[in-house]
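The next part holds the structures, each set out as structure tokens.
Shared chain: chain A. Partners: chain B in the first complex, chain C in the second.
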Partner chain A sequence: MNQRASNLLDEALGLVDDGSKAWPLSGRVVLVEDRVETSAAFVLHHLVKRALSPHSSNVVVFLALSQPFSHYDRVFRKLGCNLGAQSENNRFFFLDMLMSEFPDGDEGGLVALYGKIEKVVSSLLQENKKCITIVVDDLSLMEAAANGFSNYVLDFLHYCHTLTSAFGCTLVALNHEDIYLGMERPALILQLEYLADILMKAEPLATGLATDVHGQLTILNRGMWDGQGSSRNRICNFHFRVKENGVEYFSPGSRA
Partner chain B sequence: MATTKSRTSSFSRNLAAVPSSTNPGLKYGPNGTIFISSGIPDLDKILGGGFPLGSLVMVMEDAEAPHHMLLLRNFMSQGLVHKQPLLYASPSKDPKGFLGTLPSPGSAKDDKSRIRDPEQEKGLRIAWQYKKYFDEHQQSFDSIRDGKYEYCNDFDLRKPLERHFLSSQHIDCVSIQETQDLTALRNRCATFLTQFPRNDGNISPAGRIAIQSFCSPQCEYSNMEWDMLSFIRSLRSMIRSSNAVAVVTFPPSLLSPSFSRRWQHMADTLLSVRAIPDEDKELAKLLTGYQEMVGLLNVHKVARINTQVPVILEATTFSIKLQKRRFLVLECLNQAPIDSSSGSSYGTSATCSGTSKSGTLDF
Partner chain C sequence: MTESICRALRDGALEGEHAPALTIKDSIASPFGFHVFTHVLTQLSSQILAGKSQSRGLVLVALSRSPSFYVDLLKRRGFDVASSKKWIQILDCYTDPLGWKDRLVESGNIAHLYSEASSRASLCKNVKDMDKLFTSIIELGKGLVGQGKVRFCVAIDLVSEIFRHASISSVAGLLSNLRSNDQVSSIFWSSHSDLHEERVTAVLGYISSMVASVEPLNQSANGLRCNSENLSLLERNYWKGKFHARFKRRNGRVRVMSEEFHVEQSIINFTPLSSEDEMINRSLLPKVQFSLQLSEKEQIDRAKVVLPFEHQGNGKPIQIYDGRRSLADSKNEAAPVATGVLQTNENSSTGEIIYLRDSDDERPDSDEDPDDDLDI
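Right, the complex of A and B next:
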């Protein structure tokens, strides 16, 4: 872990430490927001890859609504992480929900889904695997699967949130910011932003897309502990460029 | 770096080794994707090869102009020429009638190269040493042209598609005007897509789904926004696991802004078309070749399947032109020289140089 060059994203998330400490995101909710122009899927990939790094014993539960396994498998292989092997080691649980639907007025589907997750989590806790990351890709599709009953989705997320506070799981969710911009009371996104300990927004540059800068990432990290026992918020902003085997992060203007 | 997908990675497959002998309609792309042609040679080049199998293409219509039909027609015709099964859904009463308006592949190859040649000559002289590179580049796209069927044909919009392409069994037409709920259409798509299961290794035939004006007010479900969204989501999921491409056009102005965004997020490849006003003096002054333009095409999103890297194009706005009133051509917008009166000068390209007109200016 030491020899890995840290980058701006890891620093902003507090992910750079010496490996002796526990997973710094444990017990926290991470919300990632993106737009049509700039996808933030790479942030999820990065977090999953960090969680599955060979030095840690983290476990990832991945709720895939947007892509099939083959897509993630290829993406992660290029990032240097073999999902097939990880799932054989019981460190990666892939829930393929590409086709699943939770039809009208029926909360049962999402409750059953939560039951599934809880079962995985509790069985892992028995095996003494403490750090579990639950990843949802992505929430807007879950809303569509629930046929617009956003409250059920919200309930589901609240249940998942209890897992973070009760067992120290990490909840990572992706959503699309621009969907809710024109809405009157976008309850889902507002509540989520309220719950989130770390809020990340991926946006295109104001000047448009370029080949060497794919967009900018703004990270609000609530409750960073600064050593003296008081918490503070920290906001970071930097540019990124997505590549197959990783992402380059750099401060605005530091690229010629 | 990522202008054309095919050349991004040094480990990508050799494009020259396309499976042309077995199936002319398919072409290997990077990251284990397989492309089918959009039916517009220039659009294929812009998108780095075409539409990847398993992707959902959405076209945002201009509510007042039928430009999306140009894309749809060429997409459908190309599929029929390649004998790829087609499912066509439209809000008209008689969707089969639309098949009569499909364009036929023209003998445009000779036509086109004849037109392009003089342009190349007078536009920019290329030293003979570099000619070979130029040819190579062309070849990568045109390599299948010697065969009977090309990967991508030039379609003559004034010539209707020959009967024998239409009479085959593999065309399925659905009218979505009368349908009250979308389960019927969903089942139709599902059964259609069972013909094209995805199994890695062997290439089964590819299928095409074309849905025209999906949320148009003639459809009785058009006020059930969540139902439409969940239909698109399930279509996307089904497409992902089959060797097919779906093109859905929709007028975004008829949706609420939030839903229009949701739809755009669903799309793997997102395009929009816009008509240009007939007598826009300002625009006419700004752009060369304004007279021949029929509209503008915007590329908002290019499919990224099996990769996390976005495709950033050199230009995202292209002008749609009809060459000789027959062939659909996409060109980068060229800003007119400040004090020029003629529209034929391509010398000062401000936005970019030739993504679509590959090679003519790229030096």
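Right, the complex of A and C next:
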């Protein structure tokens, strides 16, 4: 049941048949936006879990700004994935950035961080591991660490973007939509939306709170430029319910 | 319409005038400026290759996509990439725009990863330096066409990226320097208008002779604010939209044209403004029980109806009795009958009105109120 239900998210992302094909998110930028009422951390967890699944040879580079390793370890253990073992196998690189700061007027800290990522990527490429997913959790904290200089964060993301186009890495980033609501020109989030190939938004239901629906997920999947696969932009919308060891996805109206 | 844009860019600059310049602007509600950019790029490239354009080469400043992306794009659109060095040069401001990678290599962090990726293009490692950017663009162009009178085109894929690193005035200076350079035949760039202050958009509009703007079909749907009802409406915005072009003539005349576009297989197609849009608008009107408009057949039918006061006959002049004596009446009166005058309506072929006058005192007909002697 859970397997079948989770297909709604996988379908929207084009993750349905792995094994036979290459990682479909390769070379793409995935932006996840959430709100304070509906956290979309579960989407990141899902993507990381999919990337680390035993069928694939994907490697995850995880930039953690919001939670310590022990938190992620607990969450993933519930999902049936041992992060400790994965990092021993060199498939999960955890960059703990909880305490990091990138003081204003100097981009050096972010350059060094990018350098770390590039080092990991280059060593993995030498080992002939092609599918690398870079996950940022989350961008608003990176902006805060850069003292609100969102331009530095954008520069950093631009450099990460060069990794996606040059080596087919996947860039997954989480950001909060509602903290930019009052702004006239929220450059960081707008620029990211332009950059993103797949844009996901987790929002509360328009009708208000419900006991068995925790929110809705809207996914815009922009077509690929190389003419393969689905070429037209697609939008999917479905509801979700976060449970202790997984998430249920279902079409609107199929639950009470 | 896009043809006229491409034609203007193809024809290039007149002696003693600035080169024609095109701004392509879009917003997040309809982010298809890049599609328009690649459309113009491929059109212009094919004209350069066919030798039909004023320019003999093209310098592409790549800020938002990698040079290899553009090489692949040209390959997919059927251009001969092997000979591309002869007519296109790519200035790579994408791979290392701020020199971070250089810094990392210098500090011995990692070996350079990018030697092969950047071999096709010349690398720009500091996009903050407008003078450097200008000279490298001109140098690349001269490398293509040589010194002298031969001109080349300049394409900048996303000026918004430069605006992030430099002030408005310095970027505007760069663009107008390029435009007024006597070896530049035409220049075009795209920008995301919602990333900038309004004055940036205005500045770009002043510098360019043509502004093409990409807009969503329905303005109300901004962003991804949605529920399942307007999802289909929203989805339409992600592969269709409106395209406006504003042309500025030398004498100051401004012409605005509109078209519609739809994107398929990452190729943008333009169509004249369709009535489908109107149909949708009409279907959004509240449903009314009666028809407010006539169909064509109904209009023809209505025109056929002969109104009762119109002459129903056979081509004879229409004589509507206006209360005065007509010519025919005066003829009849030439031979007066003592007791009355028999008047026949000669115009009617089917019937006649016979009118017997009571006495000669009575006036033939008058406007006087027959009831005015009533004492009410």
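Assume the second predicted complex is superposed on the first by the 242 of 256 C-alpha atoms of A that agree within 3 Å, B and C clash if a C-alpha of one lies under 4 Å from a C-alpha of the other, contacts with A are read in each partner's own complex, and residues count from 1 in each chain.
To be clear about the criterion, a residue touches a chain if its C-beta (ideal position, glycine included) is under 8 Å from a C-beta of that chain, and two chains touch if they have at least 3 such contacts.
Nothing here was measured: the structure is a model prediction, and the numbers come from that model.
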Combined model on chain A: chain C and chain B, fit or clash: fit
First, second, both or neither for A:L190, with chain B first and chain C second: second
Partner chain in contact with A:K130 - chain B first, chain C second, else both or neither: neither
Following superposition on chain A: angle at chain A, chain B versus chain C, Cα, nearest 10°: 110
Touching partner for A:V111 - first (chain B), second (chain C), both, neither: second
Partner chain(s) touched by A:K119 [first = chain B, second = chain C, both, neither]: second
Contacts of A:K49 with chain B and chain C, given as first, second, both or neither: neither
Minimum C-alpha separation between chain B and chain C after superposing on chain A, in Å: 17
Contact footprint of chain B on chain A as seen in their complex: 36-39, 41-42, 45, 67-68, 70-71, 74-75, 78, 98-99, 101, 140-141, 144-145, 147-148, 176, 178-183, 209-211, 214, 242-244
Complex contacts: residues of chain A adjacent to chain C: 107, 111, 114-115, 118-119, 122, 125, 151, 154-155, 158-159, 162, 165-166, 185, 187, 190-191, 193-194, 199, 201, 206, 216, 218, 220, 222-227, 231-235, 237, 252
Contacting residues of chain C [partner chain A, same complex]: 28, 31, 65-66, 68-69, 72-73, 76, 94-98, 100-101, 103-104, 107, 109-111, 113-114, 117, 164, 192, 194-197, 224, 226-228, 231, 234-235, 238-239, 263-266
Complex contact set, residues of chain B against chain A: 1-3, 9, 31-32, 225-227, 229-230, 233-234, 237-238, 240-241, 256-258, 261-262, 264-265, 270, 300-301, 304-310, 312, 316
